[in-house]
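Per-chain numbering from 1; labels A, B, C and D assigned in written order.
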Amino acid sequence: MSQTLPETIPASRFETIADTIAEAARELSALGWTPATSSNFSMRVDASHAAITVSGKHKGKLGRSDIMLINLDGEAVGTDARPSAETALHTQVYRHWPGMNVVLHTHSRTQSVASRLYAADGAIRLQGWELQKAISGYSTHDSVLEIPVFPNTQHMPELVARVDAWLDAGKPLHAYLIDGHGIYTWGRDMAETQRHLEALEFLLGCELDLKKLRAS
Amino acid sequence: MSQTLPETIPASRFETIADTIAEAARELSALGWTPATSSNFSMRVDASHAAITVSGKHKGKLGRSDIMLINLDGEAVGTDARPSAETALHTQVYRHWPGMNVVLHTHSRTQSVASRLYAADGAIRLQGWELQKAISGYSTHDSVLEIPVFPNTQHMPELVARVDAWLDAGKPLHAYLIDGHGIYTWGRDMAETQRHLEALEFLLGCELDLKKLRAS
Amino acid sequence: MSQTLPETIPASRFETIADTIAEAARELSALGWTPATSSNFSMRVDASHAAITVSGKHKGKLGRSDIMLINLDGEAVGTDARPSAETALHTQVYRHWPGMNVVLHTHSRTQSVASRLYAADGAIRLQGWELQKAISGYSTHDSVLEIPVFPNTQHMPELVARVDAWLDAGKPLHAYLIDGHGIYTWGRDMAETQRHLEALEFLLGCELDLKKLRAS
Amino acid sequence: MSQTLPETIPASRFETIADTIAEAARELSALGWTPATSSNFSMRVDASHAAITVSGKHKGKLGRSDIMLINLDGEAVGTDARPSAETALHTQVYRHWPGMNVVLHTHSRTQSVASRLYAADGAIRLQGWELQKAISGYSTHDSVLEIPVFPNTQHMPELVARVDAWLDAGKPLHAYLIDGHGIYTWGRDMAETQRHLEALEFLLGCELDLKKLRAS
């Protein structure tokens, strides 16, 4: 893939961002959360651009040339590469929250199974776990952390509309699941976003384990 | 093992293929999908030959001399090594689909358990998982991906006949399970075949998890 | 973080302790027992000081500057860094048992789930496992190893008081769980404490597995 | 530990054996099958001696000095180190089968849980799994592989007597579980014994998974 940058974006900045994404992707791949070339990761470059992984690559083996530039309408900038259809869900985050700079979307087995199990409820409510405090803004295990589960669709505008509707209803949103699919979460920087993702994977896994054990 | 190549097969081509098989075998062994020297892997060399792993070796420690040449009748070519009985299931794929160039057969715990659980049904039907799209030809989670489960036997012609019968019935086939045994899948190249195998392992694991949780 | 040491503590001693903590933290992080920057680890330096991990860092990536000095009242010594609120639970161990020199607190999924499941009972009783012998003082699988589960709170003095009440009742204590949170355990040196932690994680995992299987 | 060898055992032979044991121990430790310094491993040196791991060491970090020489009565030879009480179970294998040269005893979670679950039955019967063929002498999934589960005791002569009674009854024996404890298995060389151990771990895991799923 060949990438030409706008004059306002120094090559060194794009390279640092691409390397940060590729390193996080290697870590998440090693955890088994990106099976079969799934998942995509992005990082804001400036007020109107982001860098995002191209589709269909093994996420443990990404190089700089597997990260492309897009604008916040989700269109490719300075490259012939075609961004993933799911790009719209990344740019929605960057447009909605000027302070959010990283979006991670993964497909772990726990995430996929939890999304199927709670799809009919429309959300999974987490309460009583100390690790809820790993989500920025939460300071006690007594709080309720609600993660919506949206129906899956191959038509991205429907998903964008569902996320917008949730936000328009004034409900807090730190992450969402898509039924049978995976999770989206975000943060101010890569460290915070990885912490959110790790915490959510852990909490979903705990919740599923507890459900099995309480039935036994 | 000593391997003499036909004049039509350059040594460099055979070595590249052997190295590709050995590298994939190391990755699959590290995932724990090849326990106790089980599993075998092959790759087409030309219209009438394939390279396949010899039996009984630890799949994480294969070298070039652990890969042998066979013809598409499953007979050893240019070597005294004896191919595995299961070679017939590999050559069946190469004879049936001229475009398929890699066959991977593994024995993960998930694959073995799923095969026992669905043996009586004769197949496992996957639907509603985004990762079904990792199988070439599938473009939506709404599709149905059916994986047959054939009875196990130590007599390979019976298994070959069951696969033929499935194909003769005109049903799509991207992989199959053998009861209490493991999975076979294939693809146009190693990357596609590894993607198929990773996706199938993931989907079977999700399906088993969901079954346990829905009962709880 | 800048750390000034009292004259009575040689820099080399503090560095050895910090390196020992950081190495153990890397091992525990690799096992997945410190998700999302959780968990904290400490080691006694002398009769009135201990070294402890600072809050909020990825436990797989700690350096010497991520370990700070505290006194046994849990106050920072020679640094502006603020110790974690949970420091009080570490210093309680050092004050109570002059022979105990290491405290490890982790948050594995098994630990968190077990704590929720047995919170209503107030304790989990382990019996019949050979690995109970890995806890110092236990010489047979026939013994009973009781691990209390205390209610979680963000107010540390409550937790300190519950631990004190258990000890005042004269009951043996080698570790405790906090509901929805994780485990605390300790020992005479790092090797013993890691052995205790590994054994407890194993025993809790076995107990949960057995509970699921006996119900099936 | 200091080790003096009898004149009949060349240092190079003992070192090769010690290195082989230490390497296998590292592999088994990395799989998590030797928690909290548990497990022990041995290898025959000649008709009347074996080398065995000393007690209480982390099995991922063994060096040559952590392997000691014993005679087939289980007594230390040429060293002050005290062999583990469980040494009697290793030497029993070497005395009973002159062709067996390696004994591996591990404590995985699957092994421990399976032993508790099937203790009342006195044995676990495996049938229908292709991987049974990884046990030397088995050539079909249709065979029955019976693994006895003996009651645990801290008094080794009782266990030795139970194993003898099983053998005296003329039943085949390739491995046994001890209730709440772990597994013993053996073979002609390290590769065969590791293959047996891997296969047994896999088969026990499959059997437990299937039991949970069939109940759901």
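Basically, contacts are C-beta pairs under 8 Å (C-beta built on N, C-alpha and C of every residue); 3 or more make two chains touch, one makes a residue touch a chain.
As the structure is a prediction and not an experimental result, all values here were calculated from the model.
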item	value
Interface residue identity across copies subunit B, subunit D - same or different by half	different
Rotation, 0 to 180 degrees and nearest 5, that superposes subunit C on copy subunit D via CA atoms	90
Distance between the centres, which are taken as Cα means, of subunit B and subunit A, whole angstrom	33
Interchain centroid distance [CA atoms averaged], subunit B/subunit C, Å	46
Junction residues of subunit B, two or more chains touched	212, 214-216
Those chain pairs that satisfy the touch definition	A-B, A-C, B-D, C-D
Subunit D-facing residues of subunit C, complex	128-131, 134, 139-141, 191, 195-196, 198-199, 201-202, 205-206, 209-210, 212-216
Touching residues (chain side subunit A, partner subunit B) in the complex	35-38, 58, 107, 109, 112-113, 116-117, 152, 154, 178-182, 208, 211-212, 214-216
